[in-house]
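The structures considered in this document are given below.
Below are two complexes that have chain A in common, paired first with chain B and then with chain C.
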Partner chain A sequence: MTTITVSENRFKQFLRTIHIPPVFLFLVFIFLLGGILDQIFSDGQIFKNPPILLNIVVRSVPLGIVAVGQTLVIIGASIDLSVAYTISITAVMASFVMQGNSANVPKAILVVFAIGAVIGLVNGLTITKLHVNSFIATLGVGLIIKGIINATFSNYTGSVPDSFQYFGYGAFGIIPVAILILLMVVIAGWLLLSRSKFGFHLYGVGGNVEVARLSGLRTDGVLIIAHVLCSLTAVLTGLFLVSRLQSGAPWVGPDGIYDLESVATTVVGGTALAGGKGGVWGTLAGVLIFGVLDTTFNQLGVNPYLKTVLRGAIIVLAVASYTFRSKKDAA
Partner chain B sequence: MTDQTLKSESSPIETLAPLTEVCNISKRFPGVVALDDVSVKFYPGEVHAVVGENGAGKSTLMKIMAGAYTPDSGEIYLSGEKVLFTHPQEAQEKGISIIYQEFNLLPERTVAANIFFGREPSKYGVVDTREMNKQASAVLREIGVEQMISPTTQASSLSVAEQQLVEIAKAISFKAKVLIMDEPTAALTYTEVKLLDDLIQRLKSRGMAIIFISHRLIEVFDIAEKITVLKDGQLVKTTKKAEVTPSDVVFLMVGRALDHYFPPLGKPEDFGDVVLRVTDASNQFIKGISFELRRGEVLGIAGLQGSGRTELAQALFGVAPFESGSMELHGKAIAVKNPSMAIRNKMAFVTEDRKSEGIAPRQPIRDNMLMTVRAIQSVFGVIHKDGIGKSRKLVPMLGKQVDIRTDSFDREAQFLSGGNQQKVVLAKWLASDANVFIFDEPTRGIDVESKASIHDMIRDLTNRGIAVLMISSELPEIVGMSDRILVMWDRQIAGELPAKSSEQEIMLMATGHVDAKSAKNISKAGEE
Partner chain C sequence: MTTSTITSSGGLTSVLRSIWEWIKRIPPVYPVFFVIFISVGLLNHSYQTMNGIMVFLRRSSPLAILAIGEMMVLASGGFDLSIGAIVTMVVLGSSLLLSNNPANAFPAIMIMLGLGLVIGLVNGFVVSYLKVPSFIATLGMMLMVRGGALYWVGGAPRGYLTDNWRAFGRNYFEKVPVFGRFPIALLILLVIAIFSYYIFHRSNYGKQVLSIGDNVLASKFSGVRVPRVRVMTFVICSIFAVIAGIMIGGYGGVNVTIGEGLELQTIAACVVGGVILLGGKGSVPNAIFGAFTMQAIVDLLNLLGLPKPYTDAVQGLIIIAAVAYVSLSTRKKR
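Entry: the complex of A and B
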């Protein structure tokens, strides 16, 4: 009897430490609903065909990776709207440096991560040292990057070698490499937030920057690191995209609306836009909800604009439900 | 009273070197001198209380010692060594720990994460949560609340008192040499205060210097060995507890020269019918409030910070409405549910927090003045540049009435001085044609000249038959303006005092369990 309670407590504790947010229930609900609709109105591939299931996840990978970074900065009560162009510059520069030659791959990866780190540093420094609102700071930095790549490249530039496409298309047994990478990024983000000093400090800075300062924390550094990490996730997304597309073009980032969608999925996942609260698992659920939605609508062959309407509705309802819950808590 | 510091007498404690010392500290904020040339010595193993009225500069001094503010001039010495703090972290490293008056917890984090925030036990950047919880338990045990508060509880689920205890635990966990407590007991119940007393005694015996700010003089006399009185940012006196009585301290806190002329009080025959009657009204912040307000009188509400003064105003105006009891306005029973309802029933509220609630800083003066009239007029009403509907010349008229000094009403309100901003707020309410005015700190942070003209305007209102409820933490203002005085203490009305009551009487009622009658007696005895 006692052992049961102990193990139950352990289990509860475990649940608490990994913070499974209620948004996962919504994900399961959306998935079942989509599957049932597919059974009734279409050929029922969602439930029958495992590759379709995997495809839901694979198509969520680029958004998922960058959304983890976005979650970090949003927990720090900041935001990064430059990610879409960071993705573009990564895609373009990677294929430009690689030029289809496997020997250039390490050099290209080094170059794009360096660029990403610089972008993150500029974002972080502009926000903390120049005291520019993060929305404006990152919007401005994004436009600067956009200008630079549009002036330099007008179309698909260079290409990636076949070996590099393993990132986008390869599989480990039946599990696509892409999914493993997404999982690794999410787990890294989770460990960072829940286990590292940086994570503890980030929640504090986002929760109340003055409290953090009065508690003796140098708050600027924490936020700068968060921005660098966010830009690096955008670089990883850019690398994934270019490996799928074979060649990078300046519009891959903005076309995917990675800036606004990464913010939206983070918020749907339960991270407060005001900062100080949330986590990457919720964000993963948010990303998968969007993925399920896409797949279901493709299967059913419904007007894609309806999908956009539904996405919008989900964002609004999710946030409304969070505020409602927290008000109930307060009362 | 004029001697600035304690003469070094040959008591045993004086022979020790001070653990920390502030010398000639001055700090100025826009429009106010918060601290003016203040010097105090704090000795190890001693509890040193710092007292003074609201705005005396206590909290500013503490924040300077803790590195949260940098002084404009003056020095801080710690163990004889001169230190200069530009960030709270530096003060912490040198062993100065502080419990702030406002809460400083992260609501979404656990108790342990809050206690060790910024100093989490870790290896290679990985936080050892188990170790952190263990250490947090130890700290909570040290203050005797380990049964009450678990290290893994989320801070937001704690009561206010429990949060305060976590703050104390956090401050203790620094293993500091100097511990500053800014009103640590404000939110605590009797038993919790007892716990804190025991803790302070233990820390003291370890040779810590404890600096204790409190409004409760009873407590100050229980705990402290030395008392420093600040007034208007200046040091009045540092004295040993044994050498003074509580009424001496109160006198030192409030005793001052007349700083300006107040308009004559109202004459009893001018006071009309009861306009506002509140009977046994309560909400979550204040309890059992009963009083009457008549036409033509200024009813002063005195009380210390946290006594419920502002909450009373907010309840009357429907910001945080009463939940029980009854309220009668102009002879009719009414339950004011929100500010809009209050305005429609001819109430006006000049708030304490001018910056965030009183004016829209980026809007022109003209729009600020018209804000209330526009809010209550019909949606389809005609708006003119200088007024609405028929009253096209409202803005210049109001400007003249409140005597605003500005070259143009198009100027953004943020560029006006504090005094002129307050006049804009007043104009806004004059325009609404209200006949019950609530003022919360009408003259906080504004210059003497504007103060006087605002006092004149308040008296002008009552001469026109308007009823005024005036909340103020400035005792001279309460005494100078009020036709009757209500004193609040511990979220209720402690009692009523007549016009021209002394500041001591008010202060005695506002600081403890003294009723109106004994306040009078004690204060008389003190004067003789």
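Entry: the complex of A and C
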């Protein structure tokens, strides 16, 4: 009797140390459901064909990278709605600077990361120093970037050299480079949040900014760094997209709805919108849920508009699946 | 004794001071609006005539109605991101239901109001009982409504909107004394504004919304039925969005992307109108003037003859500047 309780406690303790967010159960459930539906109504590729699994992950890479940045910002009780246009400006500028020449790659990467850092800095400074609500501040910054790129570029501009496409299409053994990069970003985010001083400060600022300030944190600095990091992940997503598309266009960011989807995946992954709670592993699961959904819908040949409806319903249900038991009111 | 000495010694200063106190209490949205509107008037003389002002008000009425509904949700501490999709649904769905027959206008509008009611109820229930944060709940609803509307009409608008359906958004009452031509849209806005002013500023409901936005737990302990108030707020917001959708469709005609981005523009209008995101503060007249300010900004940029991309960029700058001004001047002094 006692042993059972102890072992159960040990098991629970073990679960707690590796900390699997409940959203992974939802991911497994969605995957099994999708696979079964595929088996019944289509050709059953999801279970039969292992490369499709890799494809699901590769498909999730662009959203996954930027969602990690979004997670950092949301943990700090902020939000970044400018990521879609940051992605666009990266894609356009990268292919514009590269012009299909391998020699220009380092220069282009330097330029886009500098642009990203400036965007993040502007976001962070507007929010912390001008006291503009993050929602409005990043919305406005997004509009500004949109105006700038639409005024300068109207269509596909320049191109990326073949060597740069290794980033999007290359493989390391059987594992695509893209997946390795996504994993590296997620692990970097995890280390930053759980093993670094900055991470603890960020949770503190997100939990209660006033308490954090009174305990001697420079809360403004923490938020500004989070915003810069978020913009840098958006830049990485933009680079990945342009390496796959071979040329950048102003609409790649907003077309992928990366702003709202990165927020949705973060929250589906269990990070609280109010800040102070959450992590990047949950976000990864949230992104993979979207990837599994896309693949399943493609397999079943669902009407694209119906796809949007189902996607909306599943976002709500996924979040509801672990909020409905909570005693705290949502707003 | 003391008071009388002060008044007798410095009558003028104290009068000036009380006027200054009164000026300081004016919400910053009004000076912001009048500065922008006067610059518009200086650039284009038609804005100085009654007719020009009426045209401006006709154009900004739908956004003002959206802003009133959104303001209530924001004041309760939530978000409603589904209103843009509701506008799209109203326009596309009506074009299908009307099937080019003016006699169908009334049933079409009733069906749309019914759908608005259902959307608001679902939003409210998902937030109140499933405890999903409203940002996500209404984001999901936005996808469902937009996808559902496009699926319903098959991806493209069917038919046109009949003239009697469009009258609400674009027609005028002719030969009204003082005003000349008086837009129907403005009359609808006035009715909704008075109704909202009454329920938000003069009834228990409004105080309950604000108290929920300020502190849910405290209001629950003082006997506010939080779920009921919340559901009602979302229903009001959705129904106002349907009404605004009818006016926007009447003004702009059928277009698949007609409602895109409206939710964010409306939230920006509310914030310019002094609403604090995450709840606890809001006012109907200020939200209306927030919407007017947004429309005046767009007009100003069009009058300056900037191409569309620059308009976006400058609009972004002005939104940030306006909100920074509002929040810096209403911030509590530390």
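Heads up, the rule we're going with is that the second predicted complex is superposed on the first by the 302 of 331 C-alpha atoms of A that agree within 3 Å, B and C clash if a C-alpha of one lies under 4 Å from a C-alpha of the other, contacts with A are read in each partner's own complex, and residues count from 1 in each chain.
As a working rule, contacts are C-beta pairs under 8 Å (C-beta built on N, C-alpha and C of every residue); 3 or more make two chains touch, one makes a residue touch a chain.
As the structure is a computational prediction, the values presented were derived from the model and not from experiment.
In the three-chain model built by superposing on chain A, chain B clashes with chain C. A simple residue count on chain A separates chain B from chain C, and the partner touching more is C. When the two complexes are overlaid on their common chain A, residue A:Tyr305 makes contact with chain C while staying clear of chain B.
Of the two partner chains, neither chain B nor chain C is touched by A:Ala84.
Shared-chain residue A:Val66: touches no atom of chain B or chain C. In the superposed model, A:Val97 makes contact with neither chain B nor chain C. By the touch criterion stated above, A:Leu139 is placed in contact with chain C alone, chain B being left untouched.
In the superposition on chain A, A:Leu193 contacts neither chain B nor chain C. Superposing the two complexes on chain A places one region of chain B into the space of chain C, and among 81-89, 207-215, 225-233 or 369-377 that region is 369-377.
Counting contacts as defined above, chain A residues 329 meet chain B in one complex and chain C in the other. Within the complex formed with chain A, the residues of chain C that make contact are 76-78, 81, 126-137, 139-144, 146-148, 150-151, 155, 212-213, 216-217, 220, 226, 264, 267-268, 271, 276-279, 307-317, 319-320, 323-324, 327-328, 331. The touching residues of chain B, when paired with chain A in their complex, are 66, 68, 87-89, 91-93, 100, 104-109, 113, 117-120, 122, 125-127, 129, 156, 170.
Listed in rising order, the residues of chain A touching chain B in the complex are 195-201, 203-204, 207-208, 211-218, 276-277, 329.
On the chain A side of its complex with chain C, the touching residues are 81, 126, 130-133, 135-137, 139-144, 146-151, 260, 263-264, 267-268, 272-274, 303, 305-309, 311-313, 315-316, 319-320, 323-324, 326, 328-331.
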